[in-house]
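Structure first, commentary second.
Note that the chains are named A, B, C, D, E and F in the order they appear, and that numbering of residues resets to 1 at the start of each chain.
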Amino acid sequence: MKLIIAIIKPFKLDEVKAALSTSGVDGMTVTEVNGFGRQKGHTEVYRGSEYTVDFVPKAKLEIAVPDAVVAKVVDVIIKAAKTDKIGDGKIFVLPLEEVIRIRTGETGESAI
Amino acid sequence: MKLIIAIIKPFKLDEVKAALSTSGVDGMTVTEVNGFGRQKGHTEVYRGSEYTVDFVPKAKLEIAVPDAVVAKVVDVIIKAAKTDKIGDGKIFVLPLEEVIRIRTGETGESAI
Amino acid sequence: MKLIIAIIKPFKLDEVKAALSTSGVDGMTVTEVNGFGRQKGHTEVYRGSEYTVDFVPKAKLEIAVPDAVVAKVVDVIIKAAKTDKIGDGKIFVLPLEEVIRIRTGETGESAI
Amino acid sequence: MWVLVTAFLVFFMQAGFMFLEAGFARERETVNVLLEGIVDTCLCGILFYAWGFAWMFGHGNGLIGWGDAAGHSWYCLQNLPDTYESTGVATLAFFLFQFAFADTCSTITSGAMLGRTGFWGDLWYSIGVSGFLYPIFGHWAWGPDGWLNSIPFWKAAPFHDFAGSTVVHTIGGMIALAGAIVLGPRLGRKFKRDGGGPMPYHNMTIASVGAVILWFGWYGFNPGSTLSAMDIAGVARVAANTTLAACAGGLGALIFVYPRSKKWDCGATVNGLLAGLVAITCPCYWVSPLGAIILGAVAGVIVILATDLLEYLRIDDPCGAWPVHGACGIWGTLSLGLFATGQFGAPTPTGADNSAGAVVKGLFYGGGTDQLVAQFIGNAAIGIGVFAVAMVLMYAVKATGTLRVAKEIEIEGLDLHEHGGTAYPDTRSSTH
Amino acid sequence: MWVLVTAFLVFFMQAGFMFLEAGFARERETVNVLLEGIVDTCLCGILFYAWGFAWMFGHGNGLIGWGDAAGHSWYCLQNLPDTYESTGVATLAFFLFQFAFADTCSTITSGAMLGRTGFWGDLWYSIGVSGFLYPIFGHWAWGPDGWLNSIPFWKAAPFHDFAGSTVVHTIGGMIALAGAIVLGPRLGRKFKRDGGGPMPYHNMTIASVGAVILWFGWYGFNPGSTLSAMDIAGVARVAANTTLAACAGGLGALIFVYPRSKKWDCGATVNGLLAGLVAITCPCYWVSPLGAIILGAVAGVIVILATDLLEYLRIDDPCGAWPVHGACGIWGTLSLGLFATGQFGAPTPTGADNSAGAVVKGLFYGGGTDQLVAQFIGNAAIGIGVFAVAMVLMYAVKATGTLRVAKEIEIEGLDLHEHGGTAYPDTRSSTH
Amino acid sequence: MWVLVTAFLVFFMQAGFMFLEAGFARERETVNVLLEGIVDTCLCGILFYAWGFAWMFGHGNGLIGWGDAAGHSWYCLQNLPDTYESTGVATLAFFLFQFAFADTCSTITSGAMLGRTGFWGDLWYSIGVSGFLYPIFGHWAWGPDGWLNSIPFWKAAPFHDFAGSTVVHTIGGMIALAGAIVLGPRLGRKFKRDGGGPMPYHNMTIASVGAVILWFGWYGFNPGSTLSAMDIAGVARVAANTTLAACAGGLGALIFVYPRSKKWDCGATVNGLLAGLVAITCPCYWVSPLGAIILGAVAGVIVILATDLLEYLRIDDPCGAWPVHGACGIWGTLSLGLFATGQFGAPTPTGADNSAGAVVKGLFYGGGTDQLVAQFIGNAAIGIGVFAVAMVLMYAVKATGTLRVAKEIEIEGLDLHEHGGTAYPDTRSSTH
């Protein structure tokens, strides 16, 4: 199993979620994060003066998946999250040794 | 070493923390997250109209542990977090290659 | 590749970010988290009564890096984040199997 | 002095509107809502100074005014008499009181249009509302020569609108409706019959307190409209009726929506009490406490049904400006024709003129339908007229391309793109 | 008109209470607190209309009133005279002023009971408070035939309560105490001797500003209680004393808690200034500025000690309703017996009645203990009486099963379960 | 009574200041800002009672007062006459009104010093401001024997400051400037020429609504300064001018900054409307509506330029206290010398004294430069004097080591270290 971590633009969250859902991925965990990267922050103004905010709000998705579907899930995320502008985000794939469902105690792929 | 990630119901946090603490786990990192899964969101009402909120607030615990105690810690979490209702959450176990304590530079299990 | 997770004191974030940036690390993802550990929480007062808050606000950094620079990055973080007081935080190193840049589809180290 | 104190209270309603509308907005457009509240006020002040006051309260003809009876224009507050007409009120105090009313009308509109209107668009339509629509249509009912002003155009019953259920609220509500229609719903807003529902508000705390501030301000709105504190009994009656209608409106909405969802709905109650206040604004001088309670409770139900109607019609009005001000402004105006007790006539500086022909009597008190018809004609004339012109205004602004912002701007939020920053930029992770 | 303006100010205290109580609440019950503030007001308005005003301010017997001296009932505000008694104030204005007082009393109660009371339970006890307890016990002190009303039942000194340290605040505070006792503490609330402490508040910003709004509203509460603006010197004295007592109360609490924790405690200061205001409410007409400062500072200390006492007794009062309104209401009532200067007598529409027998003189000014004893008897009679009845009321509501919500509801929060949504639903991750 | 009602409104400005300053602060120092607002008020009340009122409004010499003309001291409000001087206003009412002014002055200062000042330091300098600087310098212009008070020291034109552009705002603003200079900028604050910019505010919602509350309170500030409601025309003129200047100030700042960043800047507009209000405070009685609009719009531009100046000088004034109150206080005082129409003279209880010598005429209305020079001398004397003494005061507090907190405290936030808790401690993850 793998843990897929995807950093995406927050306003793409709904689309990504919908796309995953139609591809059979039902569960995920989402966190509000701040990203630093090539996409530079933006300038804000305040009483006539400008200042720079150098982080960019992003949404982080964590999705546990069986090995077999990793490639597909990554594809689905890319398609739904892409805007072709800098800052579209990244996908990280980590090895996942075990998954346990708290309610039932099931483990492994059936617990996902 | 392993990194245990547990997604639990937020109001169970205190109990889980207490249970872990009596089992010798002193450190952990907690994040507010939104979960999507089988537990469906709920309906909210607003000026007489209803709308659906499809995420569920969850707490995410990250706990670095020596290999030897993984099973025990998972057990403790399950016991404390269980309500037997859908949405009790999941536990993920990830391989953890190295831990370093910033203050002392210690590494490995003694840094946990 | 590795995923470096660093838990640091929030007010050290700017320094760590600056230090990483001068060491060639440009991207990272930051999350607000609450830490539990040896550094005990603090006492708050409210209308003449005291109560204890047992978590400590921390910043969590996630940084994907090529294997070659792991040691250096860890060093840079330690130097910048250290205050020599309990609660300076921890660094976790996790194996990272794949990285994909959503915008371009690049994979591997060039996607970092 | 009574007029000044109550003018201050009416002005303070802006704080209530800003809280209410910002609270009902999403976080991403909060600064936009706040700034609109402030800028609408500033614009309205300058326009009402320049020509709005003259057009609305000056002598002229039945459709528009401009100055004193001798023909000197009042533009830029020139040539003003010391006191306004026969009221005995210093003209500048009367100006201030009426500016605060005009400001209210203009702010109502923005509640229905928030989240997607560009700031240039907001400036244009606000100039239209404060500078043209409100003073001209307002003149019809309240101008010294306005064609609806105390002229018994339907049998013996002249149209009456004590403090503006028609003039302020129906006008504001109908413009709001036009704006919401021409703009279309916010991106992502799905309606009930499409499986959706309202978008989340961002702060119920300030929304509720904003409503209480508005209630407080209404004690300027209605009691102040006697213009004189010497009509002691009249002012007290107005204040008590205003209170009871608000209470009944809040309870009416609370109880009416409870069976639906088995939830005690705070947003509904807030709009219910405002509905009661809007409804009592017209009849407050002429009805009994019992009448105030009944018509307020009915308003609390109407505001919910009107919200349902907009949902059905797929019109996105984020604050419920039309249900509260439009629908209940109409109801309040008509309700005079039902509930006027026949005890009181037109207000004068020292009390009601209770002479035989002057008393106002509604259907339920044996007055027949005359007053009701008069109310209907007056309200319909202004409501339909202003809606039609507002549609033209909104389409005109749309034609300039400034009415609605681009998709990306709307999704990421007006605050970031139009105002250069969000309402709450100092979050823990960004600055510690 | 003075009565109306001050009635508006007292009404505006609702915004202050909503801010204060919501700010001191946890986030999960914010909507509940806000809606209670609004619905208590709405209910109170209708009940005070229906019978509350008649019972409290009508003629009748020493325990309850109902109408005019000739026996016509005032229920539903019928048969009212144009002006109330000898005050010269329009009766409907007096009604509004007194409604705002009643509303205050009812809102005080909910501050001690928040976070765990079901909404049905809230409705039942609110009806009890606004509809029964307040008007009946209030009649004892302020009704025209109330047995405590200016009857010199202890030697020559009649009980005096200028603006309600006893009538509004002791009553409200004692009911709050009964409610907190019958409910028990919120789940998870541990007390000092069990190694715990208060639960976190969710917004100190609105709590503090709420307190300042209350202070502002108190300028209606106390100065308005002269009922007449013609007693110029009296009104000014009341307003100045009110201010100085609040200042001293805030500083008193701030300084008294500083040595404990070496922290400048904002919550304590907020409750300290409110304590000063509650205390000066009874004696404000009869004491000197110096007296106001001293009794206010003492109130600032009392409120902290009373908070400690509740902590010791394991009673969970999230807003400190009993320390502020109960304890300091008692202190304020008694303080008249200590600090009354002997210069001023009973207020009349045009100034103090300073005739020999009428002046009020306290122990510290050589007046002996007569006034103190009178104050004690009056306050104890009402305070103990209302506490006993309130315990019965709360147990009765408990018996219906609606007083306290189920464990899960309390833990996840009243807002989600009783009101269908939280106060701040639009967070970044949910909607962007 | 007019004085009392307007005193209440001025007092209510504290709620506005607390919202404004807390909103413009970072989250970590919010409680500190709120508590300062409350404690400054409490301290100011006690000090104004003890000696402030006597020093400022007592007879004495040109530099300081102390009591009545016969030499009885007014310390602790003793020996007060029933009514103040020839105003006909109850002295205690006048005291309350003037306390509210003093309080405003003291609160202005803290806006420039927030985020880094220790609470002990705040107490010391607040005592200096409310207890010494404000009453003494204020006496110069408003004391019965003040050397600037209506003495024609420059040809025939006496210095005039109707409601305090100099006395309240220039004094407050100049002390704020001294405080910001002596403190130095907050840690991490970089300035424009060093590639930085302002630090983030934490809540624009309350900041904007705070500004509207201040605007509302200004209707006490300016119209109340007639002291009498019998000067009906004067009060109405003052109120209308106040409104128009605020409108013009808001629009002036909005439009002036738009070309820079192509953003509609809410913070700038908020400070712009406050700038307009500060500027009109001195001349409001003597200028025309058109004059009010022009001088308000100019204030809206000045406030931005003054902000730029501070940025250039690397002075960190988080709320813009000096640009708003200092710079525009000066401009407002001078503007009388330009815009006074020559129609009105000194206010008396029943209206303007329009006798030949008394009317005030500015440069643009053919009055020559006499009034302008008088205004300049008066404002410069007070402004420079107070700035010099304030620098000494701030350095003195600095010498005690209490002015600025330690580095760690500042970085982690004043709330946690000085006040034992943050403003919003109940977050989801901590308590659910």
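By definition in this document, a contact is a pair of C-beta atoms (placed from the backbone, for glycine too) under 8 Å apart; a residue touches a chain by one contact, two chains touch by 3 or more.
Computed from a predicted model, the values in this text were never measured in an experiment.
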{"item": "Contacts common to chain A and chain E (chain labels)", "value": "B, C, D, F"}
{"item": "Path length in the contact graph (chain B to chain E, fewest steps)", "value": "1"}
{"item": "Pair of chains joined by more contacts [C-beta pairs], E-F or A-D", "value": "E-F"}
{"item": "Approximate Å spacing (C-alpha centroids) for the pair chain C, chain F", "value": "45"}
{"item": "Intercentroid distance (Cα basis), chain D paired with chain B, Å", "value": "51"}
{"item": "Between chain F and chain D, distance of the C-alpha-averaged centres to the nearest whole Å", "value": "34"}
{"item": "Residues of chain D engaged with two or more neighbouring chains", "value": "5, 199-201, 203, 261, 263, 265, 411-412, 419-421, 425, 427-430, 432"}
{"item": "Residues within chain A bordering two or more other chains", "value": "11, 30-32, 34, 43-46, 50, 53, 55, 94-95"}
{"item": "Chain F-facing residues of chain D, complex", "value": "1, 4-5, 7-8, 11-12, 14-15, 18-19, 22, 30-31, 34-35, 37-39, 41-46, 49, 76-77, 82, 90-93, 95-96, 99, 119, 203, 206, 418-428, 430-432"}
{"item": "Chain F contact footprint on chain E (complex, rising order)", "value": "2, 5, 9, 26-28, 199-205, 208-209, 211-213, 215-216, 219, 223, 229, 232-233, 235-237, 239-240, 243-244, 246-248, 250-251, 254, 261, 263-266, 269-270, 273, 289-290, 293, 411-413"}
{"item": "Chain D residues within the chain A interface of the complex", "value": "188, 411-412, 416, 419-421, 425, 429-430"}
{"item": "Interface residues, chain E side, partner chain C - complex", "value": "192, 196-201, 253, 256-257, 260-261, 263, 265, 267-268, 271, 304, 307-308, 311, 320"}
{"item": "Chain E contact footprint on chain C (complex, rising order)", "value": "43-53"}
